[in-house]
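Heads up, there are several structures right after this.
Each of the next two complexes has subunit A plus one more chain, namely subunit B in the first and subunit C in the second.
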Partner chain A sequence: MAMKIEIKDATKYIRKALILNHVSVSLQSGKIYGLQGPNGSGKTMLLRLISGLIKPTSGHVLIDDKELGIDMDFPPSMGILIEAPAFIDAYTGLRNLELLADIKQVIQKDQIIQTLQKIGLDPNDRRKYYKYSLGMKQRLGIAAAIMEQPALLLLDEPTNALDEVGVALICNIILKEKERGALIVIASHDGLFLRSLADELYYVTEGKVEKRNVCEEES
Partner chain B sequence: MNYKLLQHDFRTGLLRKRYLWLPLLFIIPCYISSRITTALGMPGTWLDYLCFFFFGCEPIYLNSLDKVILPVQWLSLVGGLLLVNLDYLLYDLDNAGQQIIVRSASRTQWFISKCMWNIASTMVYFIEMAVVAWFFCVIKGGESTLTQISEVSVGTYNVAEITLQDGGKLAFAAILMPFFTLAAASLLQMALCIFIPPVFSFFFVFMIMELSVLLPFPVLMGNAAMAIRSGILHPGFMNVGMEILANTVVMVGSIVMGAIGFRRKDIIKWRE
Partner chain C sequence: MQSILRVELWKATHNIKFYIALTAGVLFAVLDAILTGNGPLYGVCMIVSPTNLGSALFFFFWPILVALPYGWSFWKEKKDQSYIQIEARVCRKEFFWAKFMAVFISGGIVMSIPILLNILILALFHPYEMPHVLSGMNALVNGYFLSSLYHSNLWLFLFIWCLVDFLWGGVIACFCLVVGSKPTFQVMVILTPYLVLLALEIILNTFLYGPNFTLYEVCPMELAKAGTLSANPGWIIFSEMGLFAALDIGLGYWQVVKHEL
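Moving on to the complex of A and B:
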C-alpha cells in the first residue's frame, strides 16, 4: 500500500507553451497534498504528469523508485478524477462502475454498491448517466476514483458542482482515505477547502510549484 | 491481449448512433443495381448486389484524361467508412476511456484494442452493406446466395473472363479485397490521428484513395478496393499479390507506428 512519488526537475511544454517549469516534489503515502493556484496555472497538468497521462519534456517521475513512462505506463494502483467526470451515457451509475471495476477485477459488486452509498448515490437508481445532475456526476466520478481503494488518489477540483452537504461528505471521505494510508493529491482553486484537508500545500503558478506552510496560509 | 479492453471498445465503439445511418449510404448503390437487374429482365443474386458496391472504375490513363469519370459511388463508400471510424480513439480518450486506460496499465494494449475495434467496425460496415443488399435482392425476387452470380454481374463487369461459375472469384475481388483494403486504410487513418488532428488524417487517407483512382499502381491501396481493376477478373490490370502485400504493409505499419506514437502521446483533450 505504501507509495512514494518523486518528481525530479520535471518540465513540460505543450506546443511550445511552458506548462510545468522545473517541478521537483516528493510525495508519500498517508498524506494529503494540496495544489492551489489560479485557473491555467498547471495544477491539472501536474496531476496528469503524476498519473502518467502526460510525459515530461525533461525530468523524471519516479513511483517507488521506478520511472513512470519507462518502467511502467501508469502507477499500479491509482484512482483519478481529472477535470470533468466522464462515463458511458447510456448506462446507470452502478453499471458504469461495474464496467470499470471489471478491468482490474479487484473488487466485487457489493463493494461498488457500498462505495455508491458512501458517496451519497442510490445504487438502485435506474436513471442513465446522461440524466444525472452535475453534482451526481461529480459524486460518481469520486466513487470511481475511490472504489478500488487505490494507493494513489488524484482529485482535480473534487468539490465542483457539489453543495455544502456534498463538500462536507467529500472532505470526510478524503480523510478516511488518508487514514487508510492512501497518498492523496488534490488540485483546487478553493484555498479554504485545501487548507482544511491538506498536510502539505503547494502553490502552483505559471507552471512553477512552491511549497507553502499550511499554518502560515491559515494565519 | 486484454479482452476486457476489447469488451469496452466493442460496447462503446460499436454501439454508436452513426452506424444506424449507414443503410442510407448503401441504399443508392442497391437501387442502381436493382435498376440494372430490371433492365436486364432478371433478378440478380445477393452476391450480384454485393459485388456492385465496390465496382470502382476502370484504370484512368493520363493520355485519355478527357474521358475521366470519377467513381462517385466508390468514393462515397470509402469516405463513409473513413468517417465512421474517424474519431473513436480520441473520443474515447476524452470520455470513459481515460478511466479505462489508467486501469489497463498498458498504453500498448489499449491501442491494440482500438486496432481490433477498428477492424471490427469495418466488418460491421460490410455486414450492414450485406444486409441492405439482401433486402433489395429479396424484394426484387432474387436468390439469396453468396456463391452464385447471374448474368447481371457478367453484364455489369463486362469482362470476358467472368462466367457464371466465377462467383468466388468475383466475391474475392469485389468484397474481400475492398474489406481488406478499407480495414488497412482505416487503421492508417486512426494511427495518423495520434500525430495530427482527425480531420487532417481523414483528408490524407482520402487523398490517397482519390489518387488511386487516377493512378493505377498496386502500391496505391485504393486500387485494390476497385473490383473492376482486379487482376483476378482482368489479368492485364492490377497484380493481386502486390496489392495484398501493399495493404499488409500499410496495416502492420499503421499498428506499429500507432503503438509507438501512442506510447509517447500526451493524453489530454484533443482540442487542447
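Moving on to the complex of A and C:
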C-alpha cells in the first residue's frame, strides 16, 4: 500500500511551449498534497506526468524507485480524475463502473454499489450517463477514482460542479482515503478548499512548482 | 489482457452503431435475396454474383458498414478523455491490442453475417447443384481464389469466403485506428477506410488497367467478392489484406501506444 513518488528535475515541452519547468517534488503515502495555481499554470500537466499519461522531456518520475515510462507504464494502483469525467453515454453510472472494475477485477459489484452510495449516487438509478447533471457526473468520476481503493489518488478540480453538500462529502471521503493510507494529490484553483485538506501545499505557476507552508498560507 | 479484451468486445457489440451497421448489412443481403433471379445456388448468392441493387449497395458501402460499429471508439475515448480511466488500469500495449481486436471482430461480424444470411436464405429457395465447368452461369474459372473448391464443394467454398470477408471486414475496420484522434469529426473517422478504398479504386482503375484489359482484380474494395470481373487469386487477396493489416498495426500502434495521449 505504501508508495513513494519522486519527481526529479522534470521538464516538459509540448510543441516548443514550456509546460513544466525543472520540477522536483517528493510525495509519500498517507498524506494529502495540494497543487494550487491559476488556470494554465501546469497543475493538470503535473498530474498527467505523475499518472504516466505524459513523459517528461527531461528528468525522471520514480515510483518506489522504479522509473515511470521505463519500468512501468503507469503507477500500479492508481485512481484518477483529470479534467471533466467522461464515461459511456449509453450506459448507467453503475454499468460504467462495472465495466471499469472488470478490467482489474479487484472489486465485486457490491463494493461498486457501496462506493456509489458513499458518493451520494443511487446505484439503482436507471438513467443513462448522458442524462446525468454535471454534479452527478463529477461524483461518478470520483467514484471511479476511489472504488478500487488505490494507493495513489490523483484528483484534478474534484469540487467542480458540486454544491456545498457535495464539497463537504468529498472532503470527508478524501480524509477517509488519507486515513486508509493513500497518497493523494489534489489540483485546484480553490485555495480555501486545498488549505482545509492538504498536509503539504505546492504553488504552481508557469510550470514552476514551489512549496508553500500551509500555516503561512492560512495566516 | 483477457479482461480488457472482454470489456472492449462487450462495448463493441453493445452499442447502437453496431446494431445500425448490422441491420443495414442484413437489409442489403435480404434485398439481394429478394431481387435475385432464378438459378442454382452457385450462381445467385451475392458473394459470387453481385448483380442487383441489394448486393450493389452492400459491396459499395461495406467499408462504411464495418467501420461504423466500433472503428470510432479510440477517437471518441481520446476526445472525451475517457481513455484516462482505462489507462489507469491497464498498460497501453494491452489497451491497443484489446481495442484492435474488438474493432476487428466487430467489423468482421458486420461484414460476414449478412453474407452468410444471404447464402442461407437463398439456399432455402434455390436448388443446390454443382456448377459445371461448361455451364454459362459459373463465373469462377481457373485463376479465381478457391475456384476448384467452387466446382467440387460449394458449401465449403461459400463458408471459407464468409471467413475471408470476416477478415476483410476486420482489417478495413481497424484502418480507423490509423488516423487516431486527428480528425475533428467522428464521421471522418468512420469514412476514412471508405475514402481510402474508393481513392484506390479510382487510381487503380485509371492508371493500372489498360482499356478493356484487366488481367487481375487488384482493387481491395472489389476483392471482398468471390465473383469479380477479373480473376482474384489468393495471393493478391492475402497480400493486400496483409498490407492493410500491417498498416493497421504499425500506424495504429504508433497512434495509441507511442504517440503521447
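Definition applied: the second predicted complex is superposed on the first by the 219 of 219 C-alpha atoms of A that agree within 3 Å, B and C clash if a C-alpha of one lies under 4 Å from a C-alpha of the other, contacts with A are read in each partner's own complex, and residues count from 1 in each chain.
Here is the rule we go by: contacts are C-beta pairs under 8 Å (C-beta built on N, C-alpha and C of every residue); 3 or more make two chains touch, one makes a residue touch a chain.
These numbers come from a predicted model, not from an experiment.
A.B. asks: Determine, for the superposed arrangement built on subunit A, whether subunit B and subunit C clash or fit.
C.D. replies: By the criteria stated at the top, subunit C and subunit B clash after superposition.
A.B. asks: Figure out whether A:Phe87 sits in contact with subunit B (first) or subunit C (second), or with both, or with neither.
C.D. replies: So A:Phe87 meets both subunit B and subunit C here.
A.B. asks: Taking the superposition on A as described, I'd like to know which of subunit B and subunit C A:Arg180 touches: first, second, both or neither.
C.D. replies: neither
A.B. asks: Could you say whether A:His189 touches subunit B, subunit C, both of them, or neither, answering first, second, both or neither?
C.D. replies: Neither partner.
A.B. asks: Looking at A:Lys8 after the superposition, I want to know if it touches subunit B, subunit C, both of them or none. Which is it: first, second, both, neither?
C.D. replies: Neither partner.
A.B. asks: Mind working out whether A:Leu100 is in touch with subunit B, subunit C, both or neither, as first, second, both or neither?
C.D. replies: Touch status of A:Leu100: both partners.
A.B. asks: Which holds for A:His22: it touches subunit B only (first), subunit C only (second), both, or neither?
C.D. replies: In the superposition, A:His22 contacts neither subunit B nor subunit C.
A.B. asks: Examine A:Pro76 and indicate which partner it touches, taking first as subunit B and second as subunit C; both and neither are also allowed.
C.D. replies: The first partner, subunit B, only.
A.B. asks: Do subunit B and subunit C touch any of the same residues on subunit A, and if so, which?
C.D. replies: The overlap between the subunit B and subunit C interfaces on subunit A comprises residues 51-55, 73-74, 78, 80, 82-83, 86-88, 90, 99-100, 102-104, 144.
A.B. asks: Spell out the residues on subunit A that touch subunit C in their complex, using ranges where they run on.
C.D. replies: By the definition above, subunit A touches subunit C via 51-55, 73-74, 78-80, 82-84, 86-88, 90, 99-100, 102-105, 144.
A.B. asks: In the complex formed with subunit A, which residues of subunit B make contact?
C.D. replies: The contact residues of subunit B facing subunit A are 2, 4-5, 7-8, 11-12, 15, 94-96, 98-108, 263-264, 266-269, 272.
A.B. asks: Touching residues of subunit C toward subunit A in the complex: what are they?
C.D. replies: 3-4, 6-7, 10-11, 15-16, 77, 80-82, 84-93, 260-261
A.B. asks: Touching residues of subunit A toward subunit B in the complex: what are they?
C.D. replies: 14, 48, 51-55, 72-74, 76, 78, 80, 82-83, 86-88, 90, 96, 99-100, 102-104, 144
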